[in-house]
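Here the chain labels run A, B, C and D in written order, and each chain numbers its own residues starting at 1.
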Amino acid sequence: MADDVVTVARLEAWVRLFADLIAEHRGYLTELDSAIGDADHGINMDRGMQAVRAKLEAAPLGATDELFKLVGMTLVSSIGGASGPLYGTFFLRFGTACGPSVALSADDVVKAFRAGVEGLVARGRPELGDKTMYDSLHPALEALDAAVGVGMSTGEAFAAAWQAAIRGRDDTIPMVARKGRASYLGERSAGHQDPGATSAALLFEAAAGTFEN
Amino acid sequence: MADDVVTVARLEAWVRLFADLIAEHRGYLTELDSAIGDADHGINMDRGMQAVRAKLEAAPLGATDELFKLVGMTLVSSIGGASGPLYGTFFLRFGTACGPSVALSADDVVKAFRAGVEGLVARGRPELGDKTMYDSLHPALEALDAAVGVGMSTGEAFAAAWQAAIRGRDDTIPMVARKGRASYLGERSAGHQDPGATSAALLFEAAAGTFEN
Amino acid sequence: MKKLINDPTTVVTDALAGIAAAHPELRIDHERKVIYRADSPVAGKVGLISGGGSGHEPLHGGFVGVGMLDAACAGEVFTSPTPDQMHEATKLVDAGAGVLHIVKNYTGDVLNFEMAAEMAAEEAGVKVEAIVTNDDVAVEDSLYTAGRRGVGVTVLLEKICGAAAEAGADLASVAAIARKVNGWGRSMGMALTSCTVPAAGKPTFELAETEMEIGIGIHGEPGRHREPLGTAAEIAERLLDPIVRDLPYTRGDAVLAFVNGMGGTPLLELYVVFAEVARILDGHGITIERALVGPYITSLEMAGCSISLLKLDDELVRLWDAPVRTAALRWGV
Amino acid sequence: MKKLINDPTTVVTDALAGIAAAHPELRIDHERKVIYRADSPVAGKVGLISGGGSGHEPLHGGFVGVGMLDAACAGEVFTSPTPDQMHEATKLVDAGAGVLHIVKNYTGDVLNFEMAAEMAAEEAGVKVEAIVTNDDVAVEDSLYTAGRRGVGVTVLLEKICGAAAEAGADLASVAAIARKVNGWGRSMGMALTSCTVPAAGKPTFELAETEMEIGIGIHGEPGRHREPLGTAAEIAERLLDPIVRDLPYTRGDAVLAFVNGMGGTPLLELYVVFAEVARILDGHGITIERALVGPYITSLEMAGCSISLLKLDDELVRLWDAPVRTAALRWGV
């Protein structure tokens, strides 16, 4: 798939589809957060992605780094809560890694995702098994990397990443939270699916949806 | 019934029976007060009459004026709310009218009741139709007076007074309150039986019960 | 019934023990349920006492201290204290300059304070004047009824008269200021929920999820009307209109605007209401010179609010701003 | 959902409008949702800012003023404010002496304040120190978790550090006092009812008529344990025991005892709880040197309470007693 290029238009479409999926799952994400958190993850993410959508309407299409700086800054300045700095940092680092280009190779895309996840980890210091969005982002990233490595098309690669994200999301159910609000519940946090891992899976669902064919 | 004397022991028995009836109807009186007042008339009257009962255990039997001064002062200092000064004043004036004797004629009893009711009226300035205890006390007093006047036995006279008190109590149902808390409800107070008129009917039920045969 | 209590029958005495433990500057006669200033009687000063049923905290005990009340008598929940309590309080605070009884207009409160005043006059020979507050415009005023209830303006009156007494005004002057405040103040309240009298164990009335009670008092009684739940803006209009029309408050007036919480409504919502009050008064050309927002005269855990306006002149502003040091209102000292 | 609001999406901005109308001594940046002292920046003074989700009123906006905070940032209900808000506040209050960020230990608050500090350092070159409060003993402390929550002690810390800054202490000293207060303070809370986030529209959790939640935070989260409803005495024991054992507070210690209402619990009940706290501490030989009772750090209309203890020495007593003039805490001025 080396010849398989990812345009900035495609990437923006991915962000827009993510906003749609968040809006669609707003109540569900908040529901999950009310069980082990403070009942606002859907409200937070939707407020953030609506703001991103509004900014995108205004701004003309630029280079990839501009696009993701816009997305990241908007999330940071409109969400608040844990998910604001975490998703915000993810997109900011994603953009920096992309650089000013208007089209990326599949390998560049993997690098950008890795930079984004590393930024998020540097910010929140989650470890695997802490019952956070990282438990879904990490396996998804590795699956994407592997798929691209063996030459799959971006469509196939993101589909694989999405499946890995869903598995990671489901794996959070039995976990006892060690980070975020859910950690205050101790053992009571087990048996509930993590809201952030759920929204993270939507991020890859959006990618899979955008890049299929 | 001129020869029909009323001993202080009988009068104390009347007060004790009133205490029993109040305790028995505590919840009902409070229920009535919650519809058009502040849900405490049964609680108030029971607190007061329990205190009276305790005082009676302690104090040895004295003259009628001592008995009713004790009852009146105890109610005044233990009830609070509108019913405290009203029932308190009733018994205080009742006692003053009795004087230091240990036995009263039926006429003395009527005089004492009239003095008590007049004292209550001077205190609360109720008028007939205001939807208060006076709407039950007034007809009861007049019935008692008339019955004694035509020479009925105290038993028959108090039975007649009780029936009049009950009619007076029931007559408060359609009334729009002009005194007490219920007056704040305006038209909404109509259709509810007045709590104080209900406890006043119990006062005569106790007398009828004490003096029958 | 879910409450932080030990026993419905000991709520008031238990709370008094807590007040004693939290406020060493106050003295408490636990048997008579009287909260009074540790430095009572204050030489030469007119004594101010108030009291009423419990369940309205911080009213009245939270307003005992320098620049406000000398003593407060606590009755059972929503039940007036008894005359012997007010009589005791009157003797405790009388320094020879006389005592003002601040009474909210409820039959129970009025009758019990009346008997206390009679006792004080006979036995102790204390000069007692009484002011009966009746600021609640939800009730029509009339000679043939119990008349209007005393509600929010009572708080403002206790502060202002307390300042006058602290400054050395004599009994007649303090009583005159009390009548002026009562005459210039109006209030109205509403409820989102009922409340539960501990001894009764269940809510005084039931209210559907979509309803509110307009024109309530402070004893969990139902209000004058039951209406569909409105927005903060609609509710502020609904309460302010009768208030403004009643005095009336007119263009150019300066007022103290008081948004009071009924006990279960959080401050966040009270400020939302205050914003609407400010907007509406601005429309009338009435200036908010002073403001008070918070739960100061409550009905246990009832959710809801009341709005009070007090017309101000220089004298009242000066007395309102004067130093006060109580558990619930404090500034300048 | 029964609330005195206009629209769930405008609660915070509407309340800010109310705060502005009620408190002319405060300035408000309505766009950035920053409440700050009208006289900011105060020449030579270290700036103190805090902030967090709304729904905890009076925390933090009610604590802005002389002797306490210079500015407070309001987030959406139960959601941390965003870094640009704290960045703006930091610039507003910096007089060159640096700024202390008072952050309650929640991931959202910590991460957003961190980003704000980075911005301030880069762009504005402001010296920023941060104190992260974590006084909630309901949560075990651990390096591998988010750690303990910042709750009631945050209120005490804002007052005490505010007094130090007002007295001219430099940034390092104010931060040192902040660490001392956080180190000497412990808290635990419980709920009788849940609360409803306006935007969510229904209670965060359900609780039966006979149950209570022990070990709650301040965001309507469920607690550590669900237990049968206890008496005030049992609840006070249940909350105080872990607090006393944790520091530990020992015989001879002097403390500030703080009984906080969660928003829907009336003052009457808080005093009943305070009486039990005093009784229990007396049994431990711990002296209550100062007391605070009332709703100061709340969870919307949740019914319940939290108890905080702060060990006191002469320095902390002096700073606690120092004059403060804010909407919610005021004395000496």
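One rule holds for everything that comes next: a contact is a pair of C-beta atoms (placed from the backbone, for glycine too) under 8 Å apart; a residue touches a chain by one contact, two chains touch by 3 or more.
As the structure is a computational prediction, the values presented were derived from the model and not from experiment.
**Q** What chain lies farthest away from chain D once each centre is taken as the mean of the Cα atoms?
**A** That would be chain B.
**Q** Between chain A and chain B, what is the gap in Å from one C-alpha centre to the other?
**A** Between these chains, centre-to-centre, one finds 77 Å.
**Q** With centres defined as the mean C-alpha position, give me the chain A-chain C separation in Å.
**A** 55
**Q** Roughly how far is chain A from chain D, going centre to centre by Cα mean, in whole Å?
**A** 32
**Q** Can you list the chain D residues in contact with two or more other chains?
**A** none
**Q** Going by the touch rule set out above, which residues of chain B reach two or more other chains?
**A** Chain B, residues with two or more chain partners: not present.
**Q** Should the pattern of chain-chain touching be classed as line, ring, star, complete or other?
**A** line
**Q** All pairs of touching chains, please: list them by chain label.
**A** Contact pairs between chains: A-D, B-C, C-D.
**Q** Which residues of chain C touch chain D in the complex?
**A** Spelled out, the residues of chain C in touch with chain D are 2-7, 11, 14-19, 21-23, 54-55, 57-58, 62, 192-193, 209, 212, 229, 231-233, 235, 263-278, 288, 291, 293, 295, 298, 300-301, 303-305, 325, 327, 330-333.
**Q** Using the touch definition up top, name the residues of chain A that touch chain D in the complex.
**A** Going by the criterion above, the answer is residues 30, 34, 36-40, 43-44, 47, 76-86, 88, 123-124, 127, 178-181, 183-186, 188.
**Q** Quick check: in the complex, which residue numbers of chain C touch chain B?
**A** 53, 75-84, 106-108, 111-112, 114-115, 138-140, 144-146, 149, 197, 199-200, 204-205, 217, 219-222, 224
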